[in-house]
Every structure is written in structure tokens, then in C-alpha cells.
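In what comes next, chain A is part of two complexes: it sits with chain B in the first one and with chain C in the second one.
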Partner chain A sequence: MFKVKLNFFDEYKIILIVLVFLSCLPFFMSTSLATEILIFGLFTSGFNILLGYTGILSFGHAAYFGLGAYTAGFVLKNCFGSVWLALFGSLVVSAIMGIILGFLCIKRKGVYFAMLSAAFANMFYFLALSPFKDITGGEDGLKEIPILMLQFPFRLSLSKPLNVYYFVFVLFVISIFVIWKIIHSPFGKVLKGIRENEERMKACGYNIKNIKIVSLVLSALFSGLAGGLYTIYLDYVPLRTFQWLTSGRVVAMALLGGTDTFIGPLVGAGIFLFIENTVSIVTARWEIFVGALIVLVILFSPGGVTGIFKKKN
Partner chain B sequence: MILKTVSLIKYFGGLKAIDNVNFALQEGEIRSIIGPNGAGKTTLFNLLTGYLKPNSGKIFFKGEDITDLPQYLICRKGIVKSFQITSIFPKLTVFENVRLAAQMRKTTYNFWKKAEDLEDVNDRVMQILKEVKLTEEKDSLAADLSYGLSRHLEIAISLATNPKILLLDEPTAGMNPEETQNTMHLIKKLKKDLTIVLVEHDMKVVMGISDLISVLHNGQILVEGSPDEIRNNKEVQRVYLGGR
Partner chain C sequence: MIFGYSINLLVMQAILGLSLGAIYVLMASGLSIIYSLLDIVNFAHGAFYMLGAYGIYFFLNYIGNFYIALLLSIVIVTIIGMITEIYLLKPLYSRGDPLHPLLLTFGLSLVFPDIIKIFFGLIGKNVNFPDQMIGAIYWKSLVIPKYQLFIILISIASISFVAILLKKTNIGMILRASTRDSLMVKLLGINVSRMWTLGFMVGTAFAALAGGMMAPLVSAIPDMGVSIILPCFVVVVVGGLGSLEGAIISGIIIGETVSFVSLFAGAYSDVVIFVIMAIVLIIRPRGLLGQIGRKG
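Coming up: the complex of A and B.
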């Protein structure tokens, strides 16, 4: 295996190459697969702020993805199909839930936090399934969202898949840029410090509890945005956005691509969805292949696929 | 008096680890705390930094009651310890290790600037690295440092938080004579800006740099005095020095 030392400028260049590649994605594959890769790439990148950079594993990120999706759907149905308002709603609601769940759960460590997060996500699933069926559509999901039209900054029909792709792409690039800034900021370094040696950081005067909550909120923000974009892409909100499988998928994508690098989550989402899409044509058992790949990756390259190319510390 | 404890008591289950300790520290002194293993020295440090909470008693820092404050707040007020078992960030560079600690005083929730661009933080880091003689190793990984230098890094991280009182938990443990000399030098140099409390087993170090020595035994302060007084104290010799 060749190991290449990545310094700051190399990382910059690689991300640029990946973005250029992504901008041409619809030419290599179906537009819907391309769009999903962007959406889940964003979801996984947001998720990785918490896992890769702060060292906290959540098994309940479907809570934020689903909340973002349903909020967007709800706003689109009831507020004249305003796309920007819908996405703003996704951001706000997921951030608020991040704050709430953060204060409730963040003091728990490791597997206990993972279980708590999974429990809350499941709670949302069942709330959407039954008690709030009238709002969410229950098992059938949120349907009858109006045909989407972007009004600002220019009119763009979001019923055409290619338009949707590039709309998502622009928001994706902006979000990735923001995540990049956060990772390399003083706050991002503090997160890394907590991941490396939490006790030491506490002894250096950092308010660990509050910092972890902020990390969770940032993670929830991008996950919620991804959920909102998912609704725009599907023109519908399926119940599975809250399902434990969604939480599991984002964990798998992060591990597959590598939690230690910036593009790891993007690569993981891409590989996962690509395999799902191509193998499922041949067999319904595509999950065996992804599962096997993940096992291989964990055994031979714990840093994920991108970990193969990164200099080991 | 910069630090004072009043009737400090700490239980671990049935064990009274700190038994009615009245400890007073003057600003600018170097105090050593000595005593046999299990006497409660590290526990006392952990109480002073807020890592542990006492069962009863109070701690005063410059007259302010800090007994119930969380650890991170006590650190910000200026009581910082370095760890007995080296606790650094092994996968980060020496420079980043110290920079993370130094950044605490400047900013936490800055999401936008490049962390490397905090010039005053960087300057402070270089200043500290110079003091602990780690300038050459600044770009090495912390995990690659020799034991003696990693102990200096340990101290550097604590220094970077700009403490008023520095609690050093066995700073020379495991060091050879040369490393021990270097560390003694370093501690003496630091004295002019700080109050220092040392837990040490190396009597040469203790006698060589302390202004005052407190002897801890079974969670109680047995006696306090100058190095000469302690060296000649029969009780101390029986309990600690004689047996060595």
C-alpha cells in the first residue's frame, strides 16, 4: 500500500479535484444516483464532525436527517412551495433538536451515548408513524408536495432532475466549504484535542460539555440540511428518513470512506451508494457486498478507503 | 496567601484519603509535598484543581471560595496541574500540543479563522517552548519524544494556560540524573512568575529547590517546615525518610 504524506495544499487540491469530478457526475451515472451521492455525502460529512473530529459516535443521526426532511416537506406544502424557507426550516429545527438532545445526552460516554441517540431517533420514527400521522402521513410518508420552482435568485424548475442536481450541488459546495472552515478553525482544533485526550483538554480549562454540544449542533445542522435537500430531490418525504437504517447507513458510509480525512465521508457515501445502485440490478442482496467491503476495510484499513492513501501517524 | 484549604476531607468509600487538611500557600513560593505512597498527595492535587470534590471543607483561592467550581473554571482562574502519568496529545506535533493549551485563553468558539493565524497564541507557544527547551522539536510528533522531553512537554502544556499556581505531580519521576537536573533548573526559572507546588519523591530535588516542605501521611499534614527542619525532624524520618 502506498502511503503519501498529505500536507495542507495537497488536501486542498484533492478536494478541488473531487468537486470538479462531482460537478460532472450526471454524465457518468443516472442523475438520481448522482443527486443521492451529493445528499448523503453532505449528510456523512456533517455526521463526521461529531465522529471523526470530536470522537463521538451517534447511532441516531436519522433524527436530524428526518427532522430536516419532514420540516422541509411541511413548509413546502404549507408555505407556497418556498424552497429557501423550507431549507431554512430544516436548519433551524435540526439545530434546535441538536441543542435539546445535546443537553440531554452529551454527558454520557461511548456506547451509552450511541444507544441514547438511537433511542431518540427511534422515538421520532414511531411518533411520525402513528401519533402524528395526520401531519407526517404515517407509513405512507409526506405526499402531495407541490411541484417545486425555485424563485430566487432566478426561476428554475426543480421538477427537472438535472436542475435539482445542480441546485443540490451548489448548496453542497457551500456546505462543504463551511465544514472545511470549521475543521480548520480554532474550534475545529479544540474538537480534535477532545478526541485525542479529553481529560487533558478539561485540565486546560476547556468547557468540554458545552463544546461537545456545539459540535453536535453543527453536525445536526448539516444532517438536517441534507434531509431537506432529500425532500426536494424526492418531492416526497418517506418515513424511512427517521428509520434506524438511515442512522446505520451514515455510520457505514463514514467508516467505509474514512473518518480521518476530509473527503473520507464523501468517498464512503459515493462507494456505498454506487454499489447499492449497481449491485441491486443484479441481486437484491447488494447489502452483502457492502457489508463484506466494510468488514474488509475495518480489518485491513481502519482508516477507511481514504486511509489507505494517508500517511499513518 | 494565594491558596488555602480549611478542614478538607475526602473519602473514597470507607477510606479517608484526605483527613482534615489545612493547607496554606504563599504567593511566589516553591512548596514540596512529600510523604509515603498512599499518603494522599495526588488526591490533594486533584481536590485543588477541582477534578475531585471534597466531602467537606473549603478551598480558597485569593480569598475566593472555589470549592464548588468545576475543574475547567478553576483552571481558568489559574490553578493548573501537570499529570503524574504523562498526559499529552501523542498524535499531534509538539507545537500543536502547546498551542491547543495556549489557545484556551484566546478563543474557543471561533469557527472561521484559520487556527494557525492566531499570531499572539503562536508567539506565546514559541516563548514557552523556548523556556522548556523544546524549540528544536516543535514539529516532531509528541509520541516521538524521549521520556524526559515528554515530561517537559507535560509541563509546557500546563504553562501555556497561564497559571498562577502550578501543581507539578512527580515531574522528575523516571528521569536520569541529567534529566532531573534540567527539570530542577526549569522549575527554579519558573518560580519568578508563578507559585509552584511539587509532589516529589526525589529528595535531592525537594531539598534543592523548596522554600517550604509539607509532609503528608495518612491524609494528614504531619509537619511543615524548611528543608533543614524537615530533614532533621524525627517524626518525618520515622515515617518517610528513614525507611528509604
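Coming up: the complex of A and C.
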């Protein structure tokens, strides 16, 4: 695919600048849009472990995002409204689902895996829609989540948008740091090796299947966490978290930002949501812009926005 | 009486399932033809299906004859497919990454429904049944709905037509050869790129035919493509990617399963096909008739 040419320190600095910028984002735009950018930035970064670094396209990440969101909502409703327990639940459930789907279909390559993951994610949509209506609330989504209070390490009301933003921001920074560490560890190098030449990695004695499953599970973990945070931010779980468009949106965000850089997915999520928000004020037909954007990026700049900058270097 | 249902009802349900299966077969074989020729999983296939349904609504208003409107709708959608292939997909082939065309067609699958929403509005459009196809045929004590029979027969006819085209004619031979080794075919002095366009057109024609025939049953809705594309992926995966025969068998199996499960346990009718897919993946990962060694 693409070669990563950016210097380690360069990218390190850029990420720091972006994080500082994100920390004062609510002062530039509406807090809800800023929170959404953080959540989807995390979601897209988690997704990109799979697409950008391992080279596997999943079209079903809505499954992990949705499971994370619904699990958090369920725990908040039934277990004393503990925020940490809810997020822990999202992590566990989405990771388990990553393992199951990994064992079922990780051996299928390329477009085959894309179709399989899309189909399985859609299964969750239909499961949430009618057979499990009593738990998920069906078409209305999961409602009546109690007013959220953070009890530990200090008391913080999560009903104020700005509080929610900074709560999400702290978890976002921690997760981004963890993802950074994973990508730049020896394990991260193995993932890139699989992306570049799978046969050769096999010949080097790596167990490709297990490594791919671990990569999928890591990706599912962060997607699930993003889903859990989405529940905390919305105070409600909409059915659209499981929709096929959610999977498509995260693919579009990663693509728009550029999948071959660490910062790309974050930039992509920011630009995507900003455009979507601006266009949806003017017209209800924002999907046409999103679709056209994907087509244009693929045709003219497959490296995404960050890819444009790299060409100039 | 079986399980408390009369035999007539079960036969009726089997015919409904067969007609649904025929639609799946048409869609899945379109996907399969495109995949085996161009190595593209066409995520916009559902959008072409939707365009087929709107095409018949549009032409029916002007012409009034269902069959001519269906034909015109197929022609128009096929031309749209041709333009898509030539101007959008062709530049991507040289990159050698099968994910790029997939993502591009995904982008198109968002664009087409929105264009339709702008011109025809959000609400679905009703398409009338052709006059001759209202009602049912009564044979002994069985009731066979005419329109479902029409869908089944047209599907059989068009699939056999393309199968004969592929197996018996020169063009079919070239098409099959270019799925195996397009470089060799190119070396023989044949314009392979034109063959790819032809293959894509056949695939979109199938999608448009399926959409056009479904229009009277479900009426034309902008988002109808999304609800058909994922079951079709399941059909293709179960049958084996790139296999026409596999698509036919699994399309019928899944159509019948959906039909009977919706009779016995309505809430699970959308979920059951994914369960079938999971079972097939565990027992036979390459699909029922998928070949070992083909990519994927």
C-alpha cells in the first residue's frame, strides 16, 4: 500500500499539537460536535489498527461500536449507574465479539472479509430491532438511562456537556496513547509486516491467524469503548449505532484522513463530522456529499488528506 | 395438515420463497459475474436494484405497459452501469488494490439513493401490477399467485440466457477466459477492457431486472437497496464467491428459509440468514461451491 515516510518526532509533535487543539475544541464549536469528534476519532483510530496497520478492511465495525453502546446503556440502567462499570462492560463485550467473529471469518481475505463483517454486523442490527426488543428497546433505542454521576476518583456530574467533553477527552488521550504504544511496539511492526507481505511473515514463523485475531480484538476494544462513551454522551442508545451506515461512516472517516498515518483517522473524523454537520444544516441530503467525498478521495487522493501533505514533503 | 398449517398454505409459502429466492439469485449472480470478471465486490449493486425499481415507476407513468417499462428501465440502468464502470472504476484497476473499487462503489451506494430522494421524494412510489398478473392460478386445491410465478419464470429465463451466452458463444468463451487469465487473453489481441465493461453491464442489468420485478411487490423506496445488498452478500458467501451455480443454489435455499421462518417465527426472519451463513462458514469456509485457491 503506502509507505510511511514521516519522521517519528514529526508525527509525535503533530499529535501533541492536535491534542492541545482538541483540548480547547469546545471553545471553537458546539460542545456536542466537539464530543462527537472525540468519540468518532477514537472509533476511527481503533478501526485503523485493522485497516491501516494490518491491511484488513472490516465493513462491520458498527457491531463493536453498537455492542459497546448497548452494553454501557444496559449496565447504566441495571447496575447502579456506575460509569466505570459500564465502560468496562463495553470493553469486555466488544472484545468477546471480536474473538468470536475473528475465529469465524479472519481467515477470509480482502473483499471476502469485508462482506462477511458487513453481514454479521447487520445481524446485530436485526437482533436489536426485533427479537431482543425487550432489552434494546427496538426501533426507539435504549432509553431511560439514569442521570449520570461520576463517583470515582471524584464526584462529577455528567449531565453538563462540558464535563462530558473533558471526561471523554481524558479517556480519549489515554486510549490514543495506548494505540500509539501498540503501533510502535514490536507487535505493531509484525502487523505492518502482515500488511506488506503475509506469505513472508508466515515463512518467518509468525502465526498469522492469531495475530490477525489479536489485531481485530484490539480494534474491537477501542471501537467498543467509543460506543460506551457515545452512550454516556447521548444518554441514550439509538438503533442507528448498529446500522450499516455506521460501519460505512467509520470507513469513510479513516479514508478521508488517510489510513497510513497515525494522525490520519483523527483528522478524517474531525473533517468528516464538521462537513456533515455544516451540510446537514443547509440540506437534509448530506449523504450525497459523504458519498461523493468518498468517490473523490478514492479517485484522486487514496492517501487521504494527510496523504496530500506527505506528497509535498 | 403439517405443524398445524394446511398443505395449501405451505405450498403457497414455498412459491413465495422461490420467488424471493429468484430475486436473490438474480442479484447474487450479478455480483458473482462482476466479481469473477473484475475482482470487484460491487457495494453499489443494491443501488442499481433501487434504480431499476424507480426506472419502472418512471416509464410506467409515460408508457403504461409494464413489460416495455421493465425493459426500458433495464436498458437505462445498464447504461448508468456502463458509465460508472468506464469513468469511475476503470482508472482504479491499475492500482491493483481490490479495496479501492469496493470503497468507491460504497460511495456510489450513498450517492444514488440521495439523488433519487431529490427527484422523487422520500416516500416510496407504488408500482401497479400488470393487468394479466393480478390474481392466481387455481390448480386442484392449490393456489399459485400469478406474479410470483412470473418472477420465477423470468428469472429462470434470464439466468439460462446468460449461462448459455457464457458457455456456448464466442463472447462467452472470451469472458470466461478473461476471468482465468486476462493477460493471456490480451496477448491474443482481444480488447479485454471492453469485456470487463460488458461483464459489469450484465451484472447491473440483473440488478435492474430484480429491482424492476420487485417494485410492484414492495413499491419503490430510496433505501430499498440497503435492505437487499446484505442478504445478497450472504447468498454469495454461502454459495461461494464467483460461482454462478453456487449463487443459484444458495439463493433458493435462503429464499425458502426466509419465507418459512417468517411463517413460523416472524421476528427471526431477518436474522436466520446470518445464522445459515455462520454455519456454512464453520462447516465449509469457501462456500457451497466455492473453489479452493481462488482469492479470498
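Just so we're on the same page, the second predicted complex is superposed on the first by the 305 of 313 C-alpha atoms of A that agree within 3 Å, B and C clash if a C-alpha of one lies under 4 Å from a C-alpha of the other, contacts with A are read in each partner's own complex, and residues count from 1 in each chain.
Rule of thumb we're sticking to: a contact is a pair of C-beta atoms (placed from the backbone, for glycine too) under 8 Å apart; a residue touches a chain by one contact, two chains touch by 3 or more.
None of these values were measured; they are calculated from a predicted model.
After superposition on chain A, the partners chain B and chain C are seen to fit next to each other with no clash. In the overlay built on the shared chain, the residue A:182 is in contact with chain B alone; chain C does not reach it.
Across the overlaid complexes, the C-alpha centre of chain A sees chain B and chain C at an angle of 80°, to the nearest 10. With both structures placed on the common chain, the touch criterion links A:208 to chain B but leaves chain C unconnected. Of the two partners chain B and chain C, it is C that touches the larger number of chain A residues.
In the superposition on chain A, contact of A:217 is made with neither chain B nor chain C. Contact with chain B, but none with chain C, is seen for A:199 once the two complexes are overlaid on the shared chain.
Of all C-alpha pairs linking chain B and chain C after the chain A fit, the shortest spans 12 Å. Note for the complex: chain A touches chain B at residues 181-182, 184-190, 192-193, 196-197, 199-208, 211, 214, 313. Chain B contributes residues 49, 51, 70-73, 75-76, 80-81, 83, 87-92, 96, 99-101, 103-115, 118, 141, 143, 157-158, 160-161 to its touches with chain A in the complex.
Chain A contributes residues 1, 57, 59, 104-105, 107-112, 114-116, 118-120, 122-123, 126-127, 129-131, 133, 244, 248, 251-252, 255, 285, 287-288, 290-295, 298-299, 302 to its touches with chain C in the complex.
For chain C in complex with chain A, the touching residues are 35, 39-41, 88, 91-92, 95, 97-100, 102-104, 106-111, 113-115, 117-118, 226, 230, 233-234, 236-237, 241, 267-268, 270-271, 274-275, 277-278, 281-282, 285, 295-296.
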